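Read from first to last, the chains carry the letters A, B, C and D; within each, the first residue is number 1.
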Amino acid sequence: MGEKNPSAEGVSLAVDLGGVRMKNPVNTASGTFAFGSVFEGFFDVSRLGAITCKGCSAEPWPGNPAPRMCEVPSGMMNTVGLANPGVAAVVEQNGAYLAGLEERGCRVILQAAGHSVEEYVAAVELIEELAPWASGVELNISCPNIARGGALVGGTPESAAEVVRAVRPRVRRPLLVKMAPVRVPEVARACEAEGADALSLINTINGMSLDVRTRRSRLSRPTGGVSGPAIHAIAVRMVWEAAGAVKIPINGMGGIATWEDAAEMILAGATSVTVGTANFYDPTCAERIVGELAAWAAEQGVTDINELIGAVEC
Amino acid sequence: MDDTKTPTGLHEVTVVTNEPVADGLMRVVLSAPDLAFRLAPGQFLNVYVPGDASQILRIPLSFSRADASTGKIEIVYAVVGDGTRRLSEMPRGSVTTVVAPCGNPWRTSAGQGRSVVVAGGVGITPIVACAGLLAEREIAFDAVVGAQTAGRLWGVDALSGLGAGTVAVTTDDGSAGRAGFTTDALAELLAAGGYAQVYACGPEVMMAGVARICREAGVACQVSMERMMCCGFGACGTCNVAMADGTYQSCCKDGPVFDAEEVAW
Amino acid sequence: MGEKNPSAEGVSLAVDLGGVRMKNPVNTASGTFAFGSVFEGFFDVSRLGAITCKGCSAEPWPGNPAPRMCEVPSGMMNTVGLANPGVAAVVEQNGAYLAGLEERGCRVILQAAGHSVEEYVAAVELIEELAPWASGVELNISCPNIARGGALVGGTPESAAEVVRAVRPRVRRPLLVKMAPVRVPEVARACEAEGADALSLINTINGMSLDVRTRRSRLSRPTGGVSGPAIHAIAVRMVWEAAGAVKIPINGMGGIATWEDAAEMILAGATSVTVGTANFYDPTCAERIVGELAAWAAEQGVTDINELIGAVEC
Amino acid sequence: MDDTKTPTGLHEVTVVTNEPVADGLMRVVLSAPDLAFRLAPGQFLNVYVPGDASQILRIPLSFSRADASTGKIEIVYAVVGDGTRRLSEMPRGSVTTVVAPCGNPWRTSAGQGRSVVVAGGVGITPIVACAGLLAEREIAFDAVVGAQTAGRLWGVDALSGLGAGTVAVTTDDGSAGRAGFTTDALAELLAAGGYAQVYACGPEVMMAGVARICREAGVACQVSMERMMCCGFGACGTCNVAMADGTYQSCCKDGPVFDAEEVAW
C-alpha cells in the first residue's frame, strides 16, 4: 500500500493517446463493443475514457458465413471477417448516439478497414466527411491485402508503411494504427515514421481449431483470430516491445479482463488499456476497471496514472 | 437502439432447483425477481457457469417459463459439453449472473387463428414458452414434439397442461409416439387445414423441413434459431444467420425468432 | 465411426520423420522430458515413438536464476534459459539409458543449442562424436544470438539459413530444426533449402507477466516462453502453414495434452506429435495418446496413420 | 536414476477429511494405501486439484504424516490462491491423483544428538513429519514454531505429542508465545548448547537466518526449500536453487531438503 496517496479519488487518470484526450485510460476494442449503445443497459458508457468502434469500410462487407466463432482454452477464435454495413450506414445508424457520447465526455474512435490502399483511403475519407464528431481514427492494418494474395497489410514494415503513408495526409485528427501481432518492433517503427499518432496492439493472433471427427475447421474458414486471456501474456510482451521501439503512445490490448491485466499493460508501456473479448462475457468489466485502476494507482503511491506508464522495473 | 425493449443487462440469479427431467435433460429453476418480469417468451439468457476459467464464454439458453409473480425462471437444457455439465452440477442456492433479456420474442397477433408449435429435441424449451404465450392470449394450438428416443422426451405434459389440443409425439426409433420425424407429423396436421401459424424450434435441418412444409401449405411460420454465440446482445457479430435476400442478420439481436420465409435454408 | 477398420490394433502407426523411423507418431518436447529416465516411474518410456532430450550445448550453461516459471491462463511461462551441463556430461550421465532406449525401440533425438554459429557447430560435433546411438539431432534455433545483440537465431530466414548451412554437413544423421514461432513459412522454406530433414515447431511464444504490486516480472527475466493449451490453436495454425510451405515432414507441438490435440496436429500436417508442458502435469499422457491415436485412426476408417497427415478438409 | 529410491509415479488418492485447523490453514487427510508406505518424511507430493482447466499445473505440498499401516497421508496447507482454495473445497470422497514421492527426505543419522526443529508459518508441515522421524529414531528434540499471529498458529500440540522437549512459540504480534521471530528463539536455544542438528522450514528469509545462526553456533542444519515448480520430478528444470559453490541444484530432485551450508542465501 502506498503511503503518499491512499485515496483513489485523488489520482488523476487522464491520459493523452496521441492527441485523443481521454479522461481515463480505459478504452474498448474494435469489434468487441459494436458501436457502444448495446452496452448502455449494463453501465453508463460515458464513464469510459474512450470506445473504439467496429471496423468499417467504404462499401458494406458481408463478412464470413457461420460459424464465425469457437472456443479455445482460456480464449476464443473468431472469423467475423470485418463484416460491416459501410461507413455511411454506420454513421447513419450510430452517429447521433456516438456524437452524444463525445458530448458526455467519452472519446469515440472510429476504425477504418480495407483490402487495398485505395479502400483504406476511401474509408478514411468517408469518415472524415461524415463523422466530424469522432476524436480519432484507427487504421486496422490486420486486414488481408487482396491484391497481394491475401498477405496481411500490416505483415511487413514495408506494407504497413505504404498504407499509413497513403492515409496519413487525409486524416486531420489523431491517427491510430492497429497492428497485427507480427514483427512488432519493426512494424511499429515503420508506422511511427509515417506519422501515426499512436499504435493499437495487439489484434487477434491467427489460430486454427479442427474438429477431428469431421476433419474440418471449427470455423467457416481454415483459420481465425485467437483472443482472450490465452493471449494476454503474449500481448503484454508485444506492448512492451512496441513501447521500447517507438516514442508515440501505445493503446494496449489483448486478454484484458481484470484491473491487474490492465495494470500490467500500463506498466509494460501502454498509455490506454483496451478491453476486448471480456466485454462479451463480463460486460460490466470495462467500467469496473476504471475505478480499480485508480485504486491501484493510489496504492502505488502516485497521484497521476501517467507515472505508471512503462514503470515496470526490469 | 429499439427504445421500446428492455435493454439487455446483467442480472444476479439464484438456483432454486436443478434436476434431471429426462435422459441427458435437466431443468433448472432460477430465482430472479428483478428479471423474470422483463422476459418475453422466445427471448433467451446468456448464463455464466462459474468454476472453470478456461471456458470464458457464457451459455445461451432459452427459457420455458418466466413467472413475473414468483420471480422464477425455468430452463430445460441438454447436457452436451463441459459447460452444461458444470451447470448441471450447480446446487440449490448457487448464485451466478445472466445477461438478459436477449433477443426478440415470438410474435403473436391478436385474434390469431389456430397454431401449431413444433419442438425437436431440446428445442422444446422456447416452444413451451411459446405455448404459454398462446395460452395467455387464448390462441388455440396443437403441438408436435420429437425426440431421438422415449427416454429423452420431455414437454408433452407441459404442453398439454398449457392447453394444447393434440400433442403428436414422434421419436426417431419409435420408442414413444410414432416412429419418424416431427415434420411428418406436422405435414399431416397442416394437411387437415385450418391453421394460421406454426412456431418451431429444433435442429436446423428440422426447422428447414418445417419451413418448407409451411411454405407449401401457405401457413406462416416462425423459427427460433441457434448459433455459436459470444455475447448475446449484438456486440460481437459472430452469430450471423444467412437470409434469403443474401444478407446476414444477427441471431441474438435480430433473432433468435425469425420468419421462416426470410431465412436462407 | 469408420466402417473399414473398426479395430485400433489393425492400424499401422509407424511414421518416418525425415529419416527418424518412429514406431508411432508420439514424441516428447525438448526441455519437458529431461533425458527420459525420470518418466520410467510413470510408464514404459519405450512405448513412445521417440523422445527429444533437453537442449545441450558444447559447454555447460547455468541458465537463469529463479524464479524460472509462472502460471498464465491455460498455460505457463518459463525462462529456464537452456540450462544444461554440456553435451559431454549429458552423454556421460544419460548415455547408457538413452542407448538402451534406442534398443528398446524408441527413437532418441538429441537437441543442440548455441548462442552463435560456432557454438552450434561445436555442440553438434560433440553429439556426433559422443552419441552415435541417437537416431536424430535437433537444432534449436530459438536461442538468442549473443553476437547479434540477442536477436533470435531463428528470427529471420537469413539467420536461420546461416546456422543450418553451417551445421548440416557435420550431422550425418537426420537433422531436425526446431523453429521459433515467428515468420513460419519463410523460415521453414529457408531451413528446407539448407538441407533440414524435418522441422519441429512450435517453440514457446515469448510472453511477459508482471506482478502489478512490485512492478516486476514474475520471472527472473523480463520475458519468458508461453507454453501449454493456451498456445495450441496458434501452434496448429503454424504447423499448417509450415506443412503448406515445405515438403519435408513436420514434428508438430504446442499445447498437446489430449489425443484430440494430437489428432488436430496430424490433420494440420504434422508427421509426429510431440507432448511438451502436459508431461509436467499429466505425466502419463504421452503414452496414453499412442493408443488413443490408433483408436481415432480406426474410427476414421484408415489402416495407416500416414493417411491422416495433412488430411484436414478446408 | 538413483535406483535405491522409489521412482516418482502417479497415484490415485481419496479425500478422507478436509477441514480448517487455524485461520487460513487447512488439514486434508488422503487415503492412498499404495503410496503412504513409500513416503519418507521431508518428501512431498504434487497434487492435482480438478475443476479449473485454466490452472494446468499441480500444487506441490509436503506432508506432516504418512501412515503405512492405515494408508493415510496428512497435509496441512495454507489457502493462499485459487489452487489451494479449490483444494480446500474438495469434499470427503473426492478422488484425484498425486505425483509422488517427490524429492529427498530429511537425513537423520543413528545415535544423532539432540536436535531442534524450526517451523515458520506453513513450514510446519514437513517439520511435523521431521519430528515424527526423530521420534521414531528416538532422537531427542526441541521445537520452535512461529506464526504471524495466534490465530494462524498450528502444530504445537502435534510436536508435543511427538515428544518435543520444549516447544517455543513466537508470533510476529505477540498474540501467542513471545513476540518476535523463530530465529530469536532458536538463537537462545542454541546458546544453551548441546545440540547436534537443526531442521528448518519456513519463509526463505527465516531459513537464511536459521542457517546463519547454526553456522555461528557450529550446529549442522538442514532446510526444506520451496520453489515455483512445474513437475516435481526433475523433468522441467524450473525449480533451481542457487548453491554456495555457484552452481544450481534442482529443488525437486536434489532437494527439497538441503544442507543449509550448501545453499547460497
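Simple rule for what comes next: a contact is a pair of C-beta atoms (placed from the backbone, for glycine too) under 8 Å apart; a residue touches a chain by one contact, two chains touch by 3 or more.
In this text, all values refer to a predicted model and were calculated from it rather than measured experimentally.
Interface comparison, B-C versus C-D: the pair with the greater number of contacting C-beta pairs is C-D. For the pair subunit B and subunit C, the distance between mean C-alpha positions equals 48 Å.
Separation between the centroids of subunit A and subunit C, computed from CA atoms only, is 34 Å. Work out the mean CA point of subunit B and of subunit D, and you get 56 Å between them. Residues of subunit A in contact with at least two other chains: 73-75, 229. Residue positions of subunit B with contacts to 2 or more other chains are 53-55. The touch graph of these protein chains is complete, with an edge between every pair of chains.
Residues 1, 6-10, 48, 53-58, 99, 227-231, 233-242, 247-248, 253 of subunit B are the ones touching subunit A in the complex. On the side of subunit C, the complex with subunit A involves touching residues 72-75, 77, 182-183, 205-210, 212-217, 221-223, 226, 229-234, 236-237, 240, 255, 260, 263-264, 267-268, 296, 299-300, 311-314. Contacts from subunit A toward subunit D in the complex involve residues 73-74, 229.
Against subunit D, in their complex, subunit C makes its touches with residues 31-34, 37-42, 54, 62-63, 65-71, 73-76, 78, 80, 83, 97, 228-229, 257, 277-281, 283-284.
Contact residues on subunit D toward subunit A in their complex (touch as defined above): 53-54.
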